[in-house]
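Note that chain A is present in both complexes that follow, paired respectively with chain B and with chain C.
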Partner chain A sequence: MMRENPADLLPELLVLGAAVMGLLAGSFLPRARQWIVGLLCAIGLAGGLVAAAFAARRTDLMTFDAFMLDPVTHVTRVVVLAATLLVIVLAMSPMRGHRRESEFYVLILLAALGTIALGATSDLLVLVAAYLLASIPGYALAGFGKDAPGTEAALKYFLMGAFLGILMLTGVTLLYGLGRGTSYEMLRAELGTAPDGAVTVGVVLLLAGLLFKAGAVPAHFWVPDVTEGAPPVVAAFVTTVPKIGAFAALYRFAAEALPPGAGDWPPLIAIIATATMTLGNLAAFAQDNVRRLLAYSTVSQAGYLLVPIAVAGRTDLAEPALLFYLAAYAVTNVGAFAVVIAVGRDDLAAYGALVRRSRLLAISLVICLLGLVGTPPAAVFVGKLLMFGAALDGRYAWLAVVAAVNSVASVFYYLRWIVPAFTGDAEQGRGLDRVAQWTACLAAAGSLALGVGSGVALTIG
Partner chain B sequence: MSLLGWLLPAVPVVTGVLLVSGRFVLGRGLDRFAPAIAVGASSVALGLAVAAAVARPAVRFPLFDGLPAGLAVDGLSAALVLTVTSVGLAVLVFAAGEFSPDESRARFFGLMLVFTGAMLVTVTATDLAVLLMGWEVMGAMSYALIGFWWREPRRVGSAGISFVTTRAGDLGLYFAAGAAMIGTGSLSLDGLAGADGHWRDLVAAGVVLAALGKSAQVPFSFWLSRAMDGPSPVSALLHSATMVAAGAYLLLRLEPLLAATGWAASLVAWLGALTALLLGAVALAQRDLKQLLAASTCAQIGFMVLGAGAGTVGGGTAHLVAHAAVKSLLFLGAGAWLTALGTKDLGELHGAARRYRTVGAAFGVGMLALAGVPPLSLWATKDTVLAAALERSPLLYGVGLAAALLSAGYAARALIAVSRPIDAATRVDTEESGTRHVGPLEKLPLPALALGSAAGGVFALPVVDEAWRNLLGTSHDPGPGLVELALSGVLALLVLAGTWALVRRGGRARTAWTAPALHWLHLERLAGLLIARPVFALASALARFDDRVVDGGVRATAAAGRGAAGLAGRRIEIRVDGLVNAVGRGARGLAGLARRPQTGQAHTYYAQAAVLFAVLIVVVLLVG
Partner chain C sequence: MNVLSLVIFLPLAVGLGLYAVPRLGARAVTWTWIAACAVDLALVAAMWIGHGTDGGISYETDARWIPSVRAGYHIGVDGLSLPLLALTSLLFLACAIYSLRQERQVRAFAALFLFLQTVSLGLFAALDLLLFFVFFDLSIVGMYFVIAGWGHGDRTRSALKFFLYTFLGSLVLLLGFIGLYLGAEPHTFDMVELTRTPPLAGSAGLAGLVLLAIGTGLAIKTPTVPFHTWLPPAHTDAPAAGSAILAGILLKMGTYGFVRIAMPMLPDAWRRYAWVIIIVGVISVLYGALVAYAQEDLKRLVAYTSVNHMGYIIVALGAAGAAGDQAARRLAVTGAVTQMVSHGLITGALFLLAGVLYGRAGTYDMGRFGGLAGRAPVFSALVAAGAFASLGLPGFSGFIAEFQIFTGVIGSGGAGLAVVGALAIVGILITAALFLRLLHRAVLGPPGELTARVTDLRPSEAGAIVPLLLLAVVIGVAPRLLLDVIEPISATVVSLVAR
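This part shows the complex of A and B:
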């Protein structure tokens, strides 16, 4: 008996409703009062959060034959909605009075909606649709500034997305042929008997699209260019939110669609993870542009996040490790971008003696950056700890060692940013963005709270 | 009901702690109000004690896992808490008059209150753990109070000796607690007598050791002599209702345990009697009033210990209560004279009783009571103890009676010294410069205590005696017979008269005979020789061992490490350093390479992504 209760999708419907109403309202509101759309969207997100929190208490089930309601979906919903809410708050002051202010909020909401669907679906066709919904608003957002770097970024983003999306569609077609269906249940039953090589090719091609969303090697090329060229708020969004859905989808595909041993999944993902974290870290070493630095940092984080994916199904630790790491990463990464938005400059020199301009902002920067390294008691530390545990438990000790070496190496470039903020010479810049400053503090506090309260968070999850 | 049980010790302890800590926070300003606060708290404690004696509160609380602990006031505890709080109040009132405002009064009164509160915990505890807590805090407070004038090294040294000596005895109580845990499975005081086999003997041994140490019985007596270096109110409290009384109380409380083992009761009885005799002789030989009183304390506590050993809890407790009143009175009197005249030398105190008549009269009553003159208190209570001793063995009775006569002797000496007229040879201010003044607050508690000392004689009446036994719940032992009461009373009077006559004629004992007694039987030197010196020798031997062998080993390791480090630095470090630099250079080079693919051109991205995915497929197919 198929379950088709629209109330199961209440969080998504709330977000969708907010987006549609925002679009309609935005068409009629004068430019000075477009902020109402932002408020509307924020309310929609908050309502979605509440609904998601309530939904998380129910037992696991599948609805509409393609939408799973399980811990992975619940965490994806909550983290995506919370991170999007933070981004909306961050956008309030830079977007204030913008010509297309309401469109900005609506696009953000639609991309978030696509991201949730990406993480929650258990059918390849819905996956493709969700991929498109999550990507296309992103292309528009990247070029939102209508300036040269933004346009270039948007174009590169779109071209990469289109190309890798086609590869993904090819992979889906191949898997459909091999598995006689697109639902994960079907695939799991059928792929075991299919030719191994063909399954591997199909899986790698499917990965192209998901790795594009995750920003992992070899689909990472857009990340630095978009992060640098797009407006900072958009950069914060596209390096944080789509990743969440992509990793949830990767995990779900590994755990639910692939029969054990099919498609050479663990070595494949382990190789990609190694390449991603290493390349991201090495490329970040000599960056003087903080947005590019953060971009490469998010690439390396994607590498760490792939570790639990590689051992999915081989250890019980994989799921909590991935979900907790995702939540920790989202809040910390948004916090770091909030500092960039608050200062409003991209070159490292602009952060000299930040502590003298705002002690709170400098401390937030330290918490977020050291948090990304994985320093206790910040949340990513717990995430990394679980990730290492999952790797060891899943008999991928060498991957844990690679991740540990990479974590140590990453301290270098984060410190290149932190140290001048406390010792360097003050450069008289423009004033700090108040809202972004408080968002940064909030995110830093959230990162600490999540880290200290990790025990509670993990038992709920 | 249980609130009362908590409040009784809590009021003095909390007030005391607040006074001591407030002194640090608020500074000298608190010193002005400290006496009033302390006397107030002490009065409240007395009120609570009266209420507790009537209401008999009991508190039970879990202290350790599965071990019930508690505070309760039964008949024996009721007698003790009343004694402790009333003597404590009297002493604090006296101290409020004696201590000049420029002294650190908040500290003094705070410590005194905690001292009293700890004694209240000790006498109301129903198990060994809580008792030990009070016991230990009391010991620590005695250290702080004896060494109150800490700028003088001798006083601090005395405090140290007192503390270390009593502390050595205290170890017995820990030992007893451990044995009780094994023997009875609990720490409850009531259950100790029922411990299995040898554990009962071990418990008894530990308890006896701790009690003898605290009560300054032979061979621990010397610490009480050194404790005289504290302020007079401290002596008055420490010698009467707290500290030394705690040891006697413990033995009286655990009399069933002593009786159950048999040997412990005899040992305690004989040690008590011997202490009474020997320290009585010591007191007789003293030339210093406070030293005389200290030795007499040991001797009188000896009677209580004898009572516990002989099985008369009623007699021992009565003696304890009566002695508390007498001895606090005497110490306060001696303290008042010391402050006023600057001396406590018996030879220089001539005429003291005539110059300060209130003090003199009260002191006289106290001394007569101490001498055992009928119908005063100690006459009656001592004979109750001696009657029980007579039941056990005539020899024990004989020793006790001799000790009682000695007490009449030293009481007479002190009495004559202070009451004979002042003469040309009398000097004042031999120890400190006196104030020539005894203030009203100092006089205030003396008549009350004198009344208590005298009225205690009612214990000789059979009616009172029986009521007292009913209160304590020990109805089986017999009271003193009329013959014994009369005999001891007459003998005490005879000794008093004899001593009087002897001193009047200027009789003097030969110094060679009195020397051991004068120096407290050389107990302190013996303890130093037999215990302290071997311990020190062992400690210094171990220190030498530590310096030469253990430390030498550590140093050799360090030297070897340094040598190895030097070697490694010369031969290997260049390579390690080179390796680190190479890693750095390599990382830098790789970082440069890592940014190469990021050309910024979309067509190269396409090519790279396509090639990489192809390579990925090939690699995975080959690996898998």
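This part shows the complex of A and C:
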């Protein structure tokens, strides 16, 4: 008996409702009062968060034959909605009075909606639809500033997304043919008997799209350009939120659609993970632009996030590792971008003696960056701990060693940013963005709270 | 919240409190810092009296932290942690007193040291691997900022090298901890449970790998040859108080980890690879002493003697895993723990003295001094006392420690261990030679080019350094105070390794 209760999708419906109402209201409101749309969207997100939190208390079930309500979905929902809410708050002051202010909020909400669907679906066709919904607003957002770097970024983002989306669609078609269906249940039952080589080709093609969303090698080329070229708020969004849905989708596909041993999944993902973290780190070394530095840092973080995906189904630690790491990464990464937005400059020199301009902001920067390294007690530490545990328990000890070496290497470029903030010469920049400053502090505090309170978070999740 | 949690988190709370009060003067900050350290030391002393000399764990707290991986906020003290807790609070107090004349960014400096004190105390009290690791990692971050912020010379580079090297060690250690966690049935990070039923007892290969990971991680922190290369630059460029803490406390985290974690939790692997450990220790002893002999720079000299002194501890702990007489092995472990305390006191004092020299003359180059005895008699007397204490002269704590180590190692029986003991004694000879050479060049003889700049100790400096050396003498003359606490735990450790 198929369950079709719209109330199961209450968080999504709230976000969709806010987006639609925002679009309508935005058409009538004068420019000076467009901020009401932002408020409306924030309320929609907050309502969605509450609804998602209540939904997380119920038993697992599947609704509309394609939408799973299980811990992966709950965490995806909560993290996506919370991160999007933070981004909306960050956008309030830079977007204030912008000619397309209401469109900005609506596009962000629609992309977030697509991201949730991406992580929650257990059907390949819905996966493709969710991919498009998560991507297309993203392209528009990348070019939002209508300037040369933004346009270049948007074009690059769009072309890569369209190309890899087509590959993904081909993979879906192939898997549909091999598995006689698009639902993960069906695929798991049928793919075991299908020709192994063909399944591998289908899986690789499907990966193209998901790795694009995740910002992983070899589909990572858009990440630095979009992060640098798009407005900073958009950069914070596209390097944080779509990843969450992509990793949830990757995990779900590995755990629910692939029969054990099919498609050479673990070695394939392990190699991609190694390449992603290593290339991300190597490229980050020489960056003098903090946004490019953060962009490559998010690429390397994607590599660590791929580790639990590689051992999905081989250890009980894979799921908590992935979900906790996602939440930890989201709050820490948004915090780091909030510092960039607060300072308003991209070159490393602008961060000289930041501690003298705002002690709290400098400390937030340290907590977020050392948090990304995996220093306890920040949240990413617990994520990395679970990730190492999952790799060792899943018999991928070499992958844990690679991840450890990469973590050490990453210290180098994060410190290049931290050190001048405390010792460098003060450069008289413009004032700090107050809202972004408090968001950065909030995110840093959240990262610490999530790390220290990880016991509580893991018990609920 | 019991008294141990208070001891651990009091410094951190005071450190944060320093920022809560606006416009606090530099003197007020330092005096608050000193007061906090003094209260903490008094509390540790009270705990010492309360603990008595039994072998069990007291002041235990076990709260849930991350129950899904069975990691908890589990802390407690026993005969192994108590001496190190006392050393930590004493040395941090000495550094606070020494810093009375500190002028640059006093509040941040005090807050950072108070943070480091919480981290160090927490590490020595932790009875959970994850909690241990949290403190282990944070000690690196704290010390990084001390060196990068208040060091001199090529400080950024030295601090970076320190961070990268020891952070690598900490991650290798973390992998080892996860190995222990996965090897235990049921999975747990709790040290007491892991000690009770050693994990990976059935699979020798995996246990060896886990010991390799944990051993490498701790060896980098200790440091032993060949992982010691981060130490000399970090020490040379750190401020005096930072060097004292780095050598006195942070290095002990490595050796403490061997006794607390590696030996009782991987007894089979420890016994199987005992000779590897002994050889690494002997090489550290000899190499550290020889390289120290060749140094012109006072701080590098003391840094390399640290490698030498840590080597004795490793030799003793390795010998505790080799076959042999039970009583002798207990003696070796007792000596090793005594050496941790003794080295903390003496090297802490020597680094503070080196800091005095740098503060006056702006260099550590021994060749440019000479005849300091006439110019700064108190300073020279303390340097001489520190040097004699460090080379293991009877009457100082170093002698008690090293005598027990040698007796224990040689007494365990076997020609191999006798050779090891003989080689280690050669290390003592070299150390004696290099300290005498130091005294000849810097303290005695004709005045050097910079001697005129050196004025004698100020009260705050003497107040920081004299108690450390005094305590080294007290332990040297009346060692029972310390040994009564350590001996029950070394008996436990030896019997755990022999399982």
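Note that in this section the second predicted complex is superposed on the first by the 461 of 461 C-alpha atoms of A that agree within 3 Å, B and C clash if a C-alpha of one lies under 4 Å from a C-alpha of the other, contacts with A are read in each partner's own complex, and residues count from 1 in each chain.
Note that in this section a residue touches a chain if its C-beta (ideal position, glycine included) is under 8 Å from a C-beta of that chain, and two chains touch if they have at least 3 such contacts.
Owing to the predicted nature of the structure, the values given are computational and were not obtained by experimental measurement.
Following the overlay on chain A, a clash is recorded for the pair chain B and chain C. After overlaying the two complexes on the shared chain, residue contacts for A:A349 are found with neither chain B nor chain C. When the two structures are aligned on the shared chain, A:L125 is found in touch with neither chain B nor chain C.
By the touch criterion defined above, A:L392 lies against chain C but remains apart from chain B after alignment on the C-alpha atoms of chain A. In the superposition on chain A, contact is made by A:F422 with chain C only, not with chain B. By the touch criterion defined above, A:L39 lies against neither chain B nor chain C after alignment on the C-alpha atoms of chain A. In the superposition on chain A, contact is made by A:P376 with chain C only, not with chain B. Using the contact criterion defined above for the overlaid structures, shared-chain residue A:G455 touches chain C, although it does not reach chain B.
Contact with neither chain B nor chain C is seen for A:L61 once the two complexes are overlaid on the shared chain. In the superposed pair of complexes, A:I166 makes contact with neither chain B nor chain C. The superposed model places chain C right into chain B at 563-571; the other stretches listed in 23-31, 77-85, 527-535 or 563-571 stay free of clashes. Counting contacts by the rule stated earlier, no residue of chain A appears in both its interface with chain B and its interface with chain C.
Listing the residues of chain A that touch chain B in their complex gives 155-156, 159-160, 163-164, 167, 196-197, 200-201, 204-205, 208, 217-219, 221-222, 224-225, 264, 267-268, 271-272, 279, 282-286, 409.
Those residues of chain A that touch chain C in the shared complex are 320, 359, 370, 373, 375-377, 381-382, 385-386, 388-389, 392-393, 400-401, 404-405, 407-408, 411-412, 415, 419, 422-423, 454-455, 458-459. Of all residues in chain C, only 19, 64-69, 71, 130, 133-134, 137-138, 141, 145, 148-149, 156, 160, 163-164, 167-168, 171-172, 174-175, 178-179, 181-182 touch chain A in the complex they form. By the touch criterion given at the top, residues 587-588, 590-595, 597-598, 600, 602, 605-606, 608-609, 612-613, 616-617, 619-621, 623-624 of chain B touch chain A in their complex.
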